[in-house]
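One chain, chain A, links the two complexes that follow: it is found with chain B in the first and with chain C in the second.
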Partner chain A sequence: MSLFLEIIVSLLVLAGTLFLLGGAVGILRFPDTYCRMHALGKGTTMGIICFMLAAFIYFAWSGVSICVQSLLALLFIAISSPVGGHMISKAAYHYGVPLWKGSVRDDLQADCEFIREDKADY
Partner chain B sequence: MLVKVMLYLVLALVWVGLTGEVTLPAFVTGIIIGIIIMKIYGERSLRSLQINVRHIWPLIQLFFIFAYELLVANLTVLVKVFSPKLNIKPGIIKVPIDIEGPFWITTLANMVTLTPGTLTVEVSADNKFFYVHCLNIDNEASVISSIKDTFEKKILEVYKP
Partner chain C sequence: MSWLRILAGEATDNAFLDKLTFLPICLDIAMVICAFNFLAFLFRVLRGPAVADRAVAMDSCGTAVMALIVIYSMRQGTDLYMSCVLVIAILGFIGMVALSKYIQSGNIVNNTNIILNVTEAEDLKEEADAAEVLHQKMEQAIQKTAEKNVRNMRKQLNRKK
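Coming up: the complex of A and B.
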């Protein structure tokens, strides 16, 4: 494996680790469900995309045919992960999970037809 | 017609990729499975997509814009996550949208979710508004214009050339 490709693969893995770490720290630091979904949805998608690209380059260079699968995994994760983030936040809103008290505005409250009334203690 | 043939080819290539053996029999199997899938689901979903050949180049452009915005989004979130003082002003704002059709609305919603500081929480029942959760509302107009000027314009270009 040439030095140049090795450097690129290492950089991709490092960047992926950084993005995943950012996602994890974001889950701990952000105040409510919706803000956490920001860190989770974007950070993990990008981290896994970086990993899969690194795997693709590495295995394509060594001639293992598994490399195409990693590209397909990248594609399907990039399609399905934002849907997951959207559905979790939507379900949370309809279930009545309140926004963080520092939130500036909430346009959905006036237009939303069904929000659970008997709010549990979060 | 051309789109259909390309779809068969793409499905066959996906099959070849998934099985991991780049041989002619695998390719033929992929085409046969693609034809079966298209017989079951294809007609209806192709009609709802309304895609034809001249959409393909704008779709590729859209992909690259999307990749760039995804990278920017991640860097902004990283900066926010690791900044010692959590300076966020979250909130849900209402964004009017002009595009129509379930496929394009889904595409736009997914792109909004993966771009800087925005997350689609809900789509209104008449498909006219997105309710977007923003990490930082400094001014509302810039958030709305960033959605409408980059992605929606590009998507409109794709399906109404």
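Coming up: the complex of A and C.
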């Protein structure tokens, strides 16, 4: 049982690290503001969820306490992080940050045609 | 016993963690990679061309710090640091919302000047057109009254002659 729990906690910690690393590589390598937000939104949310689950299991297993804060933080991050990412990307679009030149499709353009124009210096 | 613990020389010994075989090594690897992630996000904060880039990268810096705190509290064997994680999460979300408002309108509290969608913009356009029509009507009325006044004055002058 102990070995099983240790394997689970280790896998969760490594998975969270991998997700965060994916977000970091995405923010270093992607060409566009919206692409970077896409990488960060997924990567950080999943990474923190994995870390919080690992911490909860570890503390319950080691007999320290039932750590409710980690579950609360998990719930709050899972709700708030995608919402914040969407708000920021919508604000950037309305402000006029241009899309990458390789972008294929822009559905919001028809709605924001006479509000927004691409700014050269953003 | 993990090599990072020997290197850093921590104050407290976590007896529970020392008995395990590969979890301390995993925690060390995760700590190093999370530090690298923090540096990557910080690079984007310094470099990023748009304000939104910097905002999102700063929020992700908070996320990396949360991960580091979780790893550290697991290494120390206390759950006292988890409240800090919760507080950082909430403050990060509030900061994101405030920054998005600021980017969109240049103003956080008063958002009457934001044009939110197409229908509102069309309404504003119609109001502007109606105001223009009203202005033209007013000018015509003023011209008419002025002409009437001129005519009346001329009539009075003719009567006096």
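What we mean here is this: the second predicted complex is superposed on the first by the 112 of 122 C-alpha atoms of A that agree within 3 Å, B and C clash if a C-alpha of one lies under 4 Å from a C-alpha of the other, contacts with A are read in each partner's own complex, and residues count from 1 in each chain.
We take it that a residue touches a chain if its C-beta (ideal position, glycine included) is under 8 Å from a C-beta of that chain, and two chains touch if they have at least 3 such contacts.
Source: prediction; values computed, not measured.
**Student:** So, A:Leu72: does it touch chain B (first), chain C (second), both, or neither?
**Tutor:** It touches chain B and chain C both.
**Student:** For A:Cys35, is the partner it touches chain B (first), chain C (second), both, or none of the two (neither)?
**Tutor:** first
**Student:** Thinking of the overlay built on chain A, is A:Asp106 touched by chain B (first), by chain C (second), by both, or by neither?
**Tutor:** The first partner, chain B, only.
**Student:** Please work out whether A:Gly16 is in contact with chain B alone, chain C alone, both, or neither, and reply first, second, both or neither.
**Tutor:** Touch status of A:Gly16: second partner only.
**Student:** Figure out whether A:Gly85 sits in contact with chain B (first) or chain C (second), or with both, or with neither.
**Tutor:** So A:Gly85 meets both chain B and chain C here.
**Student:** Just chain B (first), just chain C (second), both, or neither: which does A:Met46 touch?
**Tutor:** In the superposition, A:Met46 touches chain B alone.
**Student:** Hey, what residues of chain A end up touching chain B and chain C alike?
**Tutor:** Overlap of chain B and chain C footprints on chain A: residues 25, 37, 65, 69, 72, 81, 83, 85, 89-90, 111-112.
**Student:** Flag every residue of chain A that touches chain B in the complex, lowest number first.
**Tutor:** Listed in rising order, the residues are 18-19, 22, 25-26, 29-32, 34-35, 37-39, 41-43, 45-46, 49, 65-66, 68-69, 71-72, 79, 81-83, 85-86, 89-90, 93, 99-100, 102-109, 111-112.
**Student:** Within the complex, which stretch of chain C touches chain A?
**Tutor:** Of all residues in chain C, those touching chain A are 16, 20-23, 26-27, 29-30, 33-34, 36-37, 40-41, 43-44, 48-53, 55-57, 59-60, 63-64, 66-67, 70-71, 73-74, 77-79, 82-83, 85-86, 89-90, 92-93, 96-97, 99-101, 103-104, 115, 117-118, 121.
**Student:** Could you please specify the touching residues of chain B with respect to chain A in the complex?
**Tutor:** 14, 16-18, 20-22, 70-71, 73-74, 77-78, 80-82, 86, 88-94, 109-111, 113-114, 117, 119-122, 124, 129, 131, 133, 135, 137
**Student:** What residues of chain A sit close enough to touch chain C in their complex?
**Tutor:** 6, 9-10, 13-14, 16-17, 20-21, 23-25, 27-28, 33, 36-37, 40, 44, 47-48, 51-52, 54-55, 58-59, 62-65, 67, 69-70, 72-73, 76-77, 80-81, 83-85, 87-92, 94-95, 97, 111-112, 114-115, 122
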